[in-house]
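Note that the chains are named A, B and C in the order they appear, and that numbering of residues resets to 1 at the start of each chain.
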Amino acid sequence: KELSAAAWNVRKFGLLLALFQVAFILFFAVFVQYDWDALPVSHRRSPPEVPHVTVISQHQSLDPSATVTNLSRTLQTAQQGEARLMIDVAAEKYPLRDYFSMYGDIQVMIFLAFGLLIACFKRYGYSAMGISLVLGAFVVQWATLMHGFLDLQDGHIKLSVITLISADFSIAAVLITTCVVLGTLSPLQYLLLAFIEVIFYALNVCVCQRVLHVVDAGGSIYLHTFAAYFGLAVSLVMNRPKASVRELKNLAHGSKVSELLAMIGTLLLFIYWPSFNSVLAPADLQHRAIINTAVALVASTVGAFSVSAVVSKEKFSMTIIQNGALAGGVAIGSTADLMIQPYAALMIGFSAGAVAVIGFKYVNPLLERKLHLLDMCGVQYLHGFPGILAGLVSALVCGLASKSAYGSSFYGAFPAAVPMQGTEDFAQLHAIYPSLEPGDGRSQWTQAGFQLIAMAVSVTLAVVSGSICGLVLKCKAFDPLQLDLMIDDAEIWSLPRNMS
Amino acid sequence: KELSAAAWNVRKFGLLLALFQVAFILFFAVFVQYDWDALPVSHRRSPPEVPHVTVISQHQSLDPSATVTNLSRTLQTAQQGEARLMIDVAAEKYPLRDYFSMYGDIQVMIFLAFGLLIACFKRYGYSAMGISLVLGAFVVQWATLMHGFLDLQDGHIKLSVITLISADFSIAAVLITTCVVLGTLSPLQYLLLAFIEVIFYALNVCVCQRVLHVVDAGGSIYLHTFAAYFGLAVSLVMNRPKASVRELKNLAHGSKVSELLAMIGTLLLFIYWPSFNSVLAPADLQHRAIINTAVALVASTVGAFSVSAVVSKEKFSMTIIQNGALAGGVAIGSTADLMIQPYAALMIGFSAGAVAVIGFKYVNPLLERKLHLLDMCGVQYLHGFPGILAGLVSALVCGLASKSAYGSSFYGAFPAAVPMQGTEDFAQLHAIYPSLEPGDGRSQWTQAGFQLIAMAVSVTLAVVSGSICGLVLKCKAFDPLQLDLMIDDAEIWSLPRNMS
Amino acid sequence: KELSAAAWNVRKFGLLLALFQVAFILFFAVFVQYDWDALPVSHRRSPPEVPHVTVISQHQSLDPSATVTNLSRTLQTAQQGEARLMIDVAAEKYPLRDYFSMYGDIQVMIFLAFGLLIACFKRYGYSAMGISLVLGAFVVQWATLMHGFLDLQDGHIKLSVITLISADFSIAAVLITTCVVLGTLSPLQYLLLAFIEVIFYALNVCVCQRVLHVVDAGGSIYLHTFAAYFGLAVSLVMNRPKASVRELKNLAHGSKVSELLAMIGTLLLFIYWPSFNSVLAPADLQHRAIINTAVALVASTVGAFSVSAVVSKEKFSMTIIQNGALAGGVAIGSTADLMIQPYAALMIGFSAGAVAVIGFKYVNPLLERKLHLLDMCGVQYLHGFPGILAGLVSALVCGLASKSAYGSSFYGAFPAAVPMQGTEDFAQLHAIYPSLEPGDGRSQWTQAGFQLIAMAVSVTLAVVSGSICGLVLKCKAFDPLQLDLMIDDAEIWSLPRNMS
């Protein structure tokens, strides 16, 4: 009987998924087009979207021109024209190349590494990898539409490798949230969770980036923190009595194989995280984002091992080491592309590793006991606390930033610091950098304030929308699982006869 | 006694392999040289092979020249000359960079992901990964020679990252075929299968690409369809009585670990398939190939899950989900770089996922019962049917294509549509695009016809040559396995004492 | 009691690790800065470090200039100036792109593939992956400092993707050495081993590259050979009685899962090795390094299978196949970027595969019996012998090299062959290639001699410093393990209740 109910639930899930797919096809047919550089050159009617990077690159192309002083003025003008032409041509021909190999890295993180990381429960490996795949496939389409509707261009949504990368960020948000309640939802509930979260996540990104102009290259504020607290709110609202929390945690143990697979996932995230934090940063900001992220991750790894070893009376735990090692990637996310210097990246990384280990070891059991808060994979300690750390650090770094320290990349790093349209300052700057967009003329401590506001907005929106989501998911219609069916692959998968 | 026969067979395999290697070294010494961009600049005597991409890029470089109208005519001429020079220099310096990161992606697909995907039988994981590695290593060399002999340049075979990519495509063909009969051949038979198939595959590629000018960026027609039906022909010719088909299928079950490893393989193929379908396409065609492939794959994943859930009365099967999720990559292969719009890519992907699931679930058992057709990994449903779907769709898309829809990339997408040498039309076009090669002046529906012809040729050649190959493999000399030795790692591998 | 001693040792390890981290942060704060291209353009006060590649690229940019003879002399001068400017600008803007995707490949090799490869013992998988991660994280920082101190620039150490790649090479050295004694050290001993080895490895690199000007693109001489014999010296000095060698080897068996994971590691190394051998080579040298490495690896794979099959009376061994398949990557390392022709790469690869298999099968048991030399993972046969083979081959290839064969890439391949400062020859060359650095005016057979000297220096320094390291590690203070605690994850990891 249990089984046939499960089969019925799976069929409902399949039907809803198919309906979504039909709707996506219709919406794609009406709204979605290839972006300009995926069109034939002759079809690029509107001037190509000048990506942020051009501000920087044109800027750079002007600097070294002083080295050709032996040329006549006419020739120099010609050359400047041509220099710009050449760069435009180059940019026009292969903008793809700037993003494609990093797109691959991020796809590995989202579709493979995350799946392996959450396949860490012996009894839930099939579901973890299967659910993360189908949610990923669903969210690519849904996030493309949601982000696109919030940023329509000529009434259309433009599809490119960059929008696919942005969709991957949305999948990251959904999978982070999923980790909080991993093993406790039915397929239908997972699907609805993804559907609802993408809406609010897209809103949050929109507010943080376009209204608040947050400095957050790796999305630690608008993505990691949001997703973690969205998930924790879902978990709290769907609250279970204390006994079941304990029972669930008992079921959620790993096997040697599952923990080694999770280690492969961890290492892939460790390796490719620099791409995640730097993919959308331009020129030297990108190089810094790579260096700072790589360096923060090695420090958080050292932090995880050393704090684990010193603080605890037990042996190393694979799961805690894995979470600690990655915490540096989150904690450096909001400041990765800034001039923080490598030693500061080491400090941020080490602190994050320490915070994650201590959170996992001491705070998690406490919250489980006191609040009956279920956090299946310790998301709060890999994404929540390090995300908040990232936000606080970013406020400090923004506040202390100076024009002399950032030089020619100042306005690239802090676009809201560009003077407002119509001011004398802007006119002067515009004369030098014709492609510069006007900003808000923010001072550095104002920017610091906005970093904190963005963090508050992210947490608040996450808690409110996560609670709503949790209430929806509790509805009988969406097949909430009985406790005895949780964390059990056999519920929806036909497993091999021989399990080992 | 069984064992010593096996040992003797292994030794024969080793000897033949060594002989092949000696022959390869001799042939390489006589025929194979570094391609032009792997030579010192001073040694590039012949003008560099102008790759197909240049047609497009020079075309693009002409378009924006209108933006420098303020320069004198002389200067403009100079600049055009220089613009071409600069592009040539740039192309000359690092053509490698355009291919190298995608080469890495494809190597992961061929050498790692494929091996993991076919390591899905609990009793045959060592052999699957070992055999796929050694066949890969063998085919890189043999395919380089075969493809090279069919395309000699100054009497030599030129080796570059591009020819290595093309060799990887040949390995894909051999491994797809191998999957049909996985576990039922001796090492010697695998080796001969690879030796024979590469010959006919190279012929098929030659006919489809150079004679028929098929539009098939990802090789769904000339590679996937060919390899699948080659393998099915081998399997039919080596036919076994009904009972043994059932028995073999019983041995071919997975374990939890083998199915999770196969899932890792699946995800790696899912992630890097856009590189496979786009690697040899130029400029905007490449960007479209990436977008369409990524989008088709998410739709086939959704298709696999939803059709599985709705159609069947059973729970999800890992193997079926894996096949269905990847079917979109095959089905989009022939049209990936065309202007089909994203929604059409979604439709193609979803259909492929559905077709694969239904084929695997209903058609496969039927064919096993009626035709005693053994298809160990369901190759017909991941490569055969989706390949045919790709061919049919490509005929439709080619027939409906218009010059207005493709604009400046029309002749890049349909090279056979370029007017014939000597015609007025060609002379006019040649004046604008000096590097344009003459074509056949095909109309769009003629191209559609050629797509279908290419499909018919691929299937026919596959069935004929596959049957021949099957007859050869049946010879006693090549150590056909007894049924009780099939799907058994222990036959050729010394396994660890503790198997878990 | 055993346990509490282990816990105490782990705590000592944690404390020391934390102290190192604090020291690293302090040293980074004082010495380490972003490299020039990670700084804002306006902050790049000193002229950018002209990387080696520029010699080649400027050289190339001069060649095709003959094609614009129709331009006036003035214009030509202007263009040359501009051509150089454009190339500089291009180089300045994205030097990162030339290295970043290969950096990712190498990170996969070092952090993931190596960990999987050495997770080949059933009882030591957690430790192998955990220890390789923490040692990697430690060495990134320590090697950055060590290499930096030996190459201070304006009193500072410059951090970039290139220095991170160079740190990855140091990790490779440490992990190769670790493999020799894998499972026999305490965490504290591993840490000290890494600390000590990095010092001597950095010295060896410095001597081989800057004093001896060794030709060794993939580091087979200064890295693989050094690391292997450093490890073997450590192992010999920490010598154990014969009985325990046998006992240890008995504990060091694999399981099916561990051997399949090791196969994944092997395949990842196989796939990305071309990046390792080519990452720092310029232009056509890089392309050759990729082709030669790829081709050598397929030949060593064929060599491993065929020699295994022919020579031995047993079935295939997963471990031996894995070692043999990779040996080609080491053996081609010193000549990968030279004009050796593909067939020679095949010969080198095949020989290496054969040597590795025979070494593993026959030499290893012999040395264990006669010298009581413990080589847990057969490092001598994957890194030692093939490294020496690489050195010998490189001497031969350097000796036979001619200016006519290398043409314009002669001085790029053999920088020490550039005439000395002040000579007439140098003045002439300098007029053509203004960025050419003076060399030693070495003849080709002199270079061959220096290849052998570099090999002798590497082996000697490895044996001496490895012996010192072994003596240090034997100290009671560093918690040498009792035999019964070796190769046992349970010693420092809390393992899942259910082990399968």
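Quick note on the criterion: contacts are C-beta pairs under 8 Å (C-beta built on N, C-alpha and C of every residue); 3 or more make two chains touch, one makes a residue touch a chain.
None of the values given here were measured: they were computed from a predicted structure.
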{"item": "Classification of the chain A:chain C interface as same or different, half of numbers criterion", "value": "different"}
{"item": "Copies chain A and chain B - rotation angle from C-alpha fit, nearest 5 degrees", "value": "120"}
{"item": "Intercentroid distance (Cα basis), chain C paired with chain A, Å", "value": "33"}
{"item": "For chain A, residues contacting two or more additional chains", "value": "75, 82, 86, 90, 97, 101, 257, 264, 500"}
{"item": "Contact set on chain B toward chain A in their complex", "value": "57, 59-61, 63-65, 67-68, 70-71, 75, 79, 82-83, 86-87, 90, 97-98, 101, 105, 122, 253-260, 263-264, 267-268, 270-272, 275, 283-284, 286-288, 290-291, 294-295, 297-299, 301-303, 305-310, 313-318, 321, 325, 339, 341-343, 346-347, 350, 406-410, 500"}
{"item": "Interfacial residue positions of chain B with respect to chain C in the complex", "value": "6-7, 10-11, 13-15, 17-18, 20-21, 24-26, 28-29, 32-34, 37-43, 75, 78, 81-82, 85-86, 88-90, 92-94, 96-97, 100-101, 104, 107-108, 111-112, 115-116, 119, 125-126, 129-130, 133-134, 136-138, 140-141, 159-161, 164, 187, 257, 261, 264, 490-500"}
